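Dumping the structure here so I can ask a few things about it.
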Amino acid sequence: MFFYTEQLINEIVPDEPDPAAAKALQEILGGHFGEMRTMMQFSFQSANFRGPATQYRDLIRGIFLEEISHVELVQTTINQLLDGSGTPKQDGASGDAALKNATGDGITYHYIIGAQSSLPVDSAGNPWNGSWVYDHGNLVSNLLDNLVLEATGTLQKSRIYEMSSNKTLRETLAFLMVRDNAHQNAYAKALETLGVNWGKVLPVPQYDLNQYPECRKYLERGWNNVQFNFRLDPTRIGEIFSGPSPDRSGGMLSVEPPPAGFPVPVLAERPMEHSPGIPVPSPAAAQQQQQQPVMA
Amino acid sequence: MFFYTEQLINEIVPDEPDPAAAKALQEILGGHFGEMRTMMQFSFQSANFRGPATQYRDLIRGIFLEEISHVELVQTTINQLLDGSGTPKQDGASGDAALKNATGDGITYHYIIGAQSSLPVDSAGNPWNGSWVYDHGNLVSNLLDNLVLEATGTLQKSRIYEMSSNKTLRETLAFLMVRDNAHQNAYAKALETLGVNWGKVLPVPQYDLNQYPECRKYLERGWNNVQFNFRLDPTRIGEIFSGPSPDRSGGMLSVEPPPAGFPVPVLAERPMEHSPGIPVPSPAAAQQQQQQPVMA
Amino acid sequence: MFFYTEQLINEIVPDEPDPAAAKALQEILGGHFGEMRTMMQFSFQSANFRGPATQYRDLIRGIFLEEISHVELVQTTINQLLDGSGTPKQDGASGDAALKNATGDGITYHYIIGAQSSLPVDSAGNPWNGSWVYDHGNLVSNLLDNLVLEATGTLQKSRIYEMSSNKTLRETLAFLMVRDNAHQNAYAKALETLGVNWGKVLPVPQYDLNQYPECRKYLERGWNNVQFNFRLDPTRIGEIFSGPSPDRSGGMLSVEPPPAGFPVPVLAERPMEHSPGIPVPSPAAAQQQQQQPVMA
Amino acid sequence: MFFYTEQLINEIVPDEPDPAAAKALQEILGGHFGEMRTMMQFSFQSANFRGPATQYRDLIRGIFLEEISHVELVQTTINQLLDGSGTPKQDGASGDAALKNATGDGITYHYIIGAQSSLPVDSAGNPWNGSWVYDHGNLVSNLLDNLVLEATGTLQKSRIYEMSSNKTLRETLAFLMVRDNAHQNAYAKALETLGVNWGKVLPVPQYDLNQYPECRKYLERGWNNVQFNFRLDPTRIGEIFSGPSPDRSGGMLSVEPPPAGFPVPVLAERPMEHSPGIPVPSPAAAQQQQQQPVMA
Amino acid sequence: MFFYTEQLINEIVPDEPDPAAAKALQEILGGHFGEMRTMMQFSFQSANFRGPATQYRDLIRGIFLEEISHVELVQTTINQLLDGSGTPKQDGASGDAALKNATGDGITYHYIIGAQSSLPVDSAGNPWNGSWVYDHGNLVSNLLDNLVLEATGTLQKSRIYEMSSNKTLRETLAFLMVRDNAHQNAYAKALETLGVNWGKVLPVPQYDLNQYPECRKYLERGWNNVQFNFRLDPTRIGEIFSGPSPDRSGGMLSVEPPPAGFPVPVLAERPMEHSPGIPVPSPAAAQQQQQQPVMA
Amino acid sequence: MFFYTEQLINEIVPDEPDPAAAKALQEILGGHFGEMRTMMQFSFQSANFRGPATQYRDLIRGIFLEEISHVELVQTTINQLLDGSGTPKQDGASGDAALKNATGDGITYHYIIGAQSSLPVDSAGNPWNGSWVYDHGNLVSNLLDNLVLEATGTLQKSRIYEMSSNKTLRETLAFLMVRDNAHQNAYAKALETLGVNWGKVLPVPQYDLNQYPECRKYLERGWNNVQFNFRLDPTRIGEIFSGPSPDRSGGMLSVEPPPAGFPVPVLAERPMEHSPGIPVPSPAAAQQQQQQPVMA
C-alpha cells in the first residue's frame, strides 16, 4: 500500500514561461526513457519478483517509490513552464486571438486538450506506450536493462539542459541527473554483488556532473551515492546499496531518509480557457465548504 | 512524495492456475478502462489542478493513491493465476515441450516475455496507451469523465466475473467492484456539490452487488460508501466525501483509515524458464547477504 | 449532407452463434483492408478532390456512400454471430461462470468491453488506425490504391469464407465479395478512361465467384457490374461507370438505384451483462414515452 | 442505408491560408475527442443497441448522422485553410524551394502525403485510433460518456478559437460549438428521462456562447436546442428531444429539418505538386466526358 | 551496399505444420526483442556512428549483417510451420469450411492477410514498432543496450523451445540461441575493451546450452564464440572480437567466414486461397519465360 | 545470406545543416511510404513467395536488395543535414543553452534521443509501423500494391524537393526519384507480362524528371530503365526486366551491375552531447587497438 504527503521531492525554481522547454521536457515525463517508464518498469519488476533473494526486489521497489515522486516533479515543472505562456486578454473571445503566440515551438496538445498543463506524451506528442516497460523475468537481464534505462535518463536530460537556459527547467533536470546517477550506481552495485567489476566505465555518460552548476549542491550532499528510503516498514535494500560506489568518482553508498520536501506551487484558474470553470456552487456545496478537513 | 509498506490492500485467495482468467484480468490492469488508466488519469488531474477549490483536488488525489495499490493487487492476482500454469518437467529442455499445454487460451506474452507474470497490456495483448488518460483542464468534465471511468470499471469486472469461477480471480474482482462503486459515489457526490441530483440512476450499472457472494462481506463493512485515506498530512477530502451517499442503495459517506493489509504471496523461482536465474553469488555478495536490513 | 433510412443493404441470414467467425469478421470491419478503411479513405479522397474532372470525384464519393452501409452491415453481422454465444444461466452471478465457454476462440473484448457486440478493431484485436487511410493527392495513385484496396477486400473475404460454414457469416461475405468486385471494376474502369487496358488480369483474385454458392444470386442480378446510386442530387458517376466492364467475365456497367433494404434484427437486452440495464424509468420519463414519434 | 446530397452543413467563410490553424483544427477532425470519434462512437452504439427502448437508439443515431456531415465540414475547412499556403513559383522545380515557407508552424504531412489537404490525424500528427471509440454495452454509461464527449468538443473548440482570428477557422468552430451544445443537451435530456436533474451544471463549460460573435446568429435561430433530423423514415427521437432544455440558459428542445446546405468550394489543381496530375485523357475518355450525368 | 546469395544461413528441418508454434515464433521475428529489431537497431547504430573508433562500428555492423539473414531464416521457418496447416479440400468453396481447423491456437492474420505465411508482427499480432529501435548516440549505452537485447533474444527463444517439440521450430531456435550467445559475447567483449570485467555473470541466462540437444552440434563447432564475417571489404571487427571469450564457459573468440548456406524450401501455390493465383499468362509473358537468367 | 561493402549507393553532396529538411526527409526513411517500408515489404513478399514462377520472386527480391542501400543512403543524408545544426559553445554546460537554436523547425528527437542523427520515425515523429508492410499472398495484388508504393515514393520526394533548396537534400532526392521510377517500371513491366497495357499512364506522377536539374545526369545514364543487380548468384530477374519500358518516355529495360559506390562521410564525435563519449580506454583495450584488421 502507498501513502502520500503533499510535498514535492525538489524545489520548483521560478522563471519565465517557456513552451519549447515544456515540449522537450515531455520526453522526460512520457518518453521511451522517461519517468513514467521507470516508474512502471520497476513497479512490474518488483511485483513479479521470484525467489528468496528479496534484497534485489527491495532495491528495485525502493527506486520505484522515488520514481513516483519524479513523475510528480516533472508534471509540476512542465506546468510551471507552460503557465501564462498564452496570457489571454481581458476582452477574450470577442477580441484578437488570445493564444495566437502561445504555441510558438510548443505542443498544440498543451493548449487544446488541457489548459496549459502536462500530458502523458513524449516530446513529439506520441502517447506513452506500455510496450516500453520490460520485465524480462530474469534478474541479471532486469538489472542490466535498468542500468541502461537510468544511464539514458541522464544522457537525455543533459542534452535537454543544453536546449534552454530557463532556470525552472535546469533545476529540475539537474536534480534528476544526480538522482539518475544514484540509481545507475544502485543497479551497477547490484551487478557487482553478482561478480561484475565495472572498472572506470560507469556512470554513463562519461561526464563530470560538476560542470552543470545546478548539480553541484546536490553532489556536495553526496546525493549521487544516496538512496532515499520511502519504506515505512523494514527493507533489505542496504544489503546491496552499501559499501564502495561503482561510480567512477568514488564515494560510499548509503541509504538515507527522504529529503525535506517542497511545497507544490498553486496554479491560478484560467477562466477564458474554461479551466477549471467551476460553476457557481450550489447552496449545499457552499455549506460543505465551511467544514473542516477530516484529518487536520 | 510517496511512501510504502509491503502489504496488499486485499487478500489473494488461493486456487488453481487459470491462464484464461489471467488473460481476461489483463484488461483490468492494462486496458482502456483498467487500473493503470485510473492511476495515471487521477495523477495528472491532481498534479495539473487549478484554483483554490482544493477539496476537489484532494478527492481526486485521494482516489489516485488507492489506485496505485489496486495496480499492485491486480499484478499480484495475475501472477497467482499464472504461476504453475505450465509446470516444467524435471528433464526440461531435453524432454517434451514443457510449456506445451501452458498457453491454452492464455496470452503468449505471459510465457515468452516474462516467466508467467503480469504485463502492462490489455486482454488482447495491446500495450497500455497514454492517449487514454485524459485531463480536460475543466473540473466538471473531469468529474464526469472519472464517473464514467469508475462505472465502466465495475461493468467490465462484473462481466469478467462471469467468465471463470476461479476463486483467486473472483475475490479480487469482488473487492475492486465494491471499491469502484465507492469511487463512483465519490465523483457523483462531487457533482452533487455543484448542483446535480442523480435520482436513482447511480451507481452504474443497475446491479445489486449482493448478488456477487464475494462482495457481501465488503458491503457489510460499508466499503461501497467509504474512502480510505492514504494521506500522511491533512486533506480536505471530507468536505466532499461526507453526508448522504448518491448511491441508489443509500448510506452515509465516510473517510476512514486504510484497511489492515495482507502479505504479498511469495513466488518461487522457475529455473527452467531462467527466472530469475541468479548466477552463483560471488564471495563479495555472499558476505553482503549477512548484513541486516537498514530500517528493521 | 447525409441522410438515412433504417434498412440494411443486405439480409442477415440466421444461424447459430459463432464467436470464432465473429473474430475473423472483425478483420473485415476494422482491419487494414476492412470496410472502415474503405469508407474513410473514399471520404477523404472525395472531400480533398482537386480540379474540374469531378466525374472521378463522384465515382469515389459514390462508393464511399455505399461503404457506410457496408460498415453497418458488418457491425450487424458480427452482432448476430456473437449474440447468445455465452448464454448466462438464470442464477447468474451466484452460480457457475456463465460466460466460461463463451470466449472459446473469440476475442475477449467482445465479452468485456461490450456485451457481445462489434468493435472498431481487427481480427487480432488491434484498433483501427488512421495511418491506413491514404489520399495521395494524385488521381492515378488514388485510383490504383483504391483498386488494390477493393481487390484485397475480396481476397480476405474469400479466405474467411473458408474458415466457417456459418450461414450468417457466409451470406454477408458473399454479398460483399460481389460488391467489392463491382467497386474493383469501377476503379479499373476509371483507369481505362485514362488509357490503361487491363487485358484479362482483373478482377483480382482470379476466382470464379460462382464457386461460392451464396454469390450466385447476386451475380444473376449482375451486381458485380452495378454501382448503386445513393445520391439525392445529380452525379457524373455514369460518365465513368458505363460501357463494357473491365471484368474478365465481361458484362456492361450500369448505375442503378439502391437495393430494397432489409430490416435490422432486434437484439434483446442482456441483464446479466448489464446491457443496456436501463434503470427503472422515472415518472417524467414514463410520461414522455407516451408521446408520438415526430416524423411518423 | 445512407444517402447524400453534395451540400455542406454550414458555410465556408473565405480568409487567408493559415497552416497553423489547419494544424490545430486537425485535433477537431482526427483527435481523441474529434468529429471522427463522435461519428464512429455513435455509429457503433446505435448498431449495437439492445432492447426495446429504441427512442434512445434513435437519438444516438440521429446525432451520428449529423456527425458525418461535421466530418465533411471540418475536412473542407482544413482544405480551405491550407489551400495556397505554399504557392509554388512558375519556374517550379528548377528554381528556389517553392514550398520552403509553406510549412511554417504546420504539419509536414499536409505537404508531403497530400497536396495541401486534410488527413485522419490529430494536431500532433498522431493517426486516429479505434481504441478511442467506446460502446460500453450499457445505456447509462453510453449516455454519460457521450455527454463528456460533446462537452469536450466544445471545450477544445473554444480553446482553438483563441489560437487564431482567421475567419475561415472561427466560423466553422462557432457553428460546431453551438451544435456540440445541442448534442450535449440531447444526452443530458436523455439522462433526465432516467431521473437525473442537472441543476445549473450544464452545459460544460460554463461559458456564454454569446461572447463568441460568430455564435450569435446560430443562437438566435435557437440551434443550441435543436436537433436536425436526417432520417428519411420515422424516428422516435422526439420522445427524448422535446420539452424544457437541460441547458443552463433555458429554452425548449425541438427536432427540425436539416439546414439549407451550402456549396462545396472548388479546389484548383496543383500541378507542381502533381495533384491530381491527370494524364492527358485518352480518346476513349474524351468521348465519355461528353455523356450526361445519369441522374440529372 | 548490400549483396545477396539465395541461401539460408541454417537448415529448415521438416516436421508437421504447427500454427501455435508459428504464432509463438512471430515474437522472435516481429517482437520487441525480435530479429527485425536487432537488424534495424544495429543498422541505425552503425549508420549514425561518430568518431574514429571504427572498430566498434565494424563490430555492430558485422552483427547487423548477420541479422538480415536471421530475419530471412525466421520468415522461412514460420512459413514452414504454417504451410499446409489448413489443407483445403478439393471441392473448395462449395463444400465445408476448408480452413475451419486451420487457425486452432494460431494467429488469424496468417490465414486472412496472407496465405499461411509470415508477417511483421509479434506473437500477439501487434505490429513491429520503430520506437523499439534505439540508438542512444553514446557508445557505452549502445553496447549495454545491445547486450540486453541479445541476452533477451536467448531468454525468449529458450522459453519458446519449451512450448512445442516441433523439430522445425526447435532447430531454428537452437541455431539462433547459439548465435545470440555469440553476439552477446561480442558486446560483452567490446565492453571489456573499455574496462569491464564480467566475472562469471555472462552469458545471460545462466543456462547450459548443451541441455538443448539441437544446440550441441553448433557448440561443437564453437559457434558461440565465432563471428561470421559478411563483409566483402576489410573490417576492424577482429580488433574487438578476438582473445579470451567473456563467456562463462570460456573459449577463444574468432572471426570466420560465413557458413555454407542451405537451400530455401519451395512453397507450393495455394489456389483456393488465391495464392499467388497467377492469371493465365499472356502470349508475351509466355515468350519471355523462355529467356535465360541474365547472370547464370 | 547478405553481404556488404562499406560504400554508399550514391554521393552525399555537402551543404549547410538544415534541421527542417532533415525532419521532412524522415518521411522518406520511416514514413508509411518510405524506404524502410519498401525494404521490409519486398523482404516479406520474396520470402513468402509461392509457386514456380520465380522470375517474379527474383524481381521483388532484386528491388529489396537495392532498398537496403536506400535506407543506408537516407540515414546518412539525414545525418549530414543534422550534423552541426546545434553547434555547442566551448564553455558548454556552464554557459548559455548550446542547443537553443538547434531545434528550429526540426524534430526534438534528433537532439534528445540521439546526438543529431537519424531515427526510424516519419516526419511527424511517428514510429515506423509494421502494419504498413503488406504481403497479400497473391501475385497480382502484390505487384499492384508495389506499383502504388513506388509511385508514391516519387510523389512524396518531388514534394519534399520543393521544401528546401539544400543541395545535400536535393541530390539524394533526385537519385531516389529516378530509382523509384525504375522500380515503378519494374512492377509495371511485371504486370505487362500478365497482360496489362499501361498506355501512357505511367510513370505516376505525370512529371518530366528532367525538370529537376539533379535528375538529369541519372537520366542520361538511363537509370530510370535500369535495375541494378546485387545478386552474387544467378537470377531470373531479366526474364521480366527486359524489352521495351512501360515508361511514358520510352526506352529499353536492362539489368546492370551496381554503381561504383561512394565513401561514407565521417561524423565527428560530439563530446558535449556525450556522443559517443568513449571512456578512456583500459590498458587491455589499448593493446588490442594495435592489432591488425583480420580481413585487410
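Brief remarks follow.
To keep things simple, chains are lettered A, B, C, D, E and F as they appear, and every chain counts its residues starting from 1.
Please note the rule applied: contacts are C-beta pairs under 8 Å (C-beta built on N, C-alpha and C of every residue); 3 or more make two chains touch, one makes a residue touch a chain.
The shown structure was predicted, so the numbers you read here are calculated from the model rather than taken from an experiment.
Under the touch definition stated at the top, chain C and chain D share these contacting partners: B, F.
Each chain gets one centre point, the mean of its Cα atoms, and the points for chain B and chain C are 38 Å apart. Taking the mean of the C-alpha atoms as each chain's centre, chain B and chain D sit 38 Å apart.
Rounded to a whole number, the gap between the C-alpha centres of chain A and chain B is 23 angstrom. Looking at chain E, residues 32, 113, 115, 121, 124-127, 129, 131, 134, 136-138, 140, 155, 194-195, 199-201, 204-206, 273-274, 277-279, 282 sit in touch with two or more other chains. The touch graph of the protein chains shown belongs to none of the named shapes. Checking each pair of chains for touch leaves A-B, A-D, A-E, A-F, B-C, B-D, B-E, C-D, C-E, C-F, D-F, E-F. The touching residues of chain D, when paired with chain F in their complex, are 86, 88, 92-94, 96-100, 102-103, 107-109, 111-113, 115, 121, 124-127, 272-274, 277-280, 282.
Chain F meets chain C in the complex at residues 32, 126, 129, 131-132, 134, 136-138, 140-141, 144-145, 147-148, 151-152, 155, 191, 194-201, 204-206. In the complex of the two chains, the chain E residues touching chain B come out as 20, 23-24, 27, 31-32, 105, 123-126, 155-156, 158-165, 199-201, 204-207, 211-213. On the chain F side of its complex with chain E, the touching residues are 1-9, 30, 36, 40, 43-44, 47-53, 55-56, 61, 65, 68-69, 71-72, 75-76, 79, 113-121, 127-140, 142, 192-195, 229-240, 242-243, 255, 258, 261, 266-270, 273-279, 281-282, 284-285, 288-289, 291-296.
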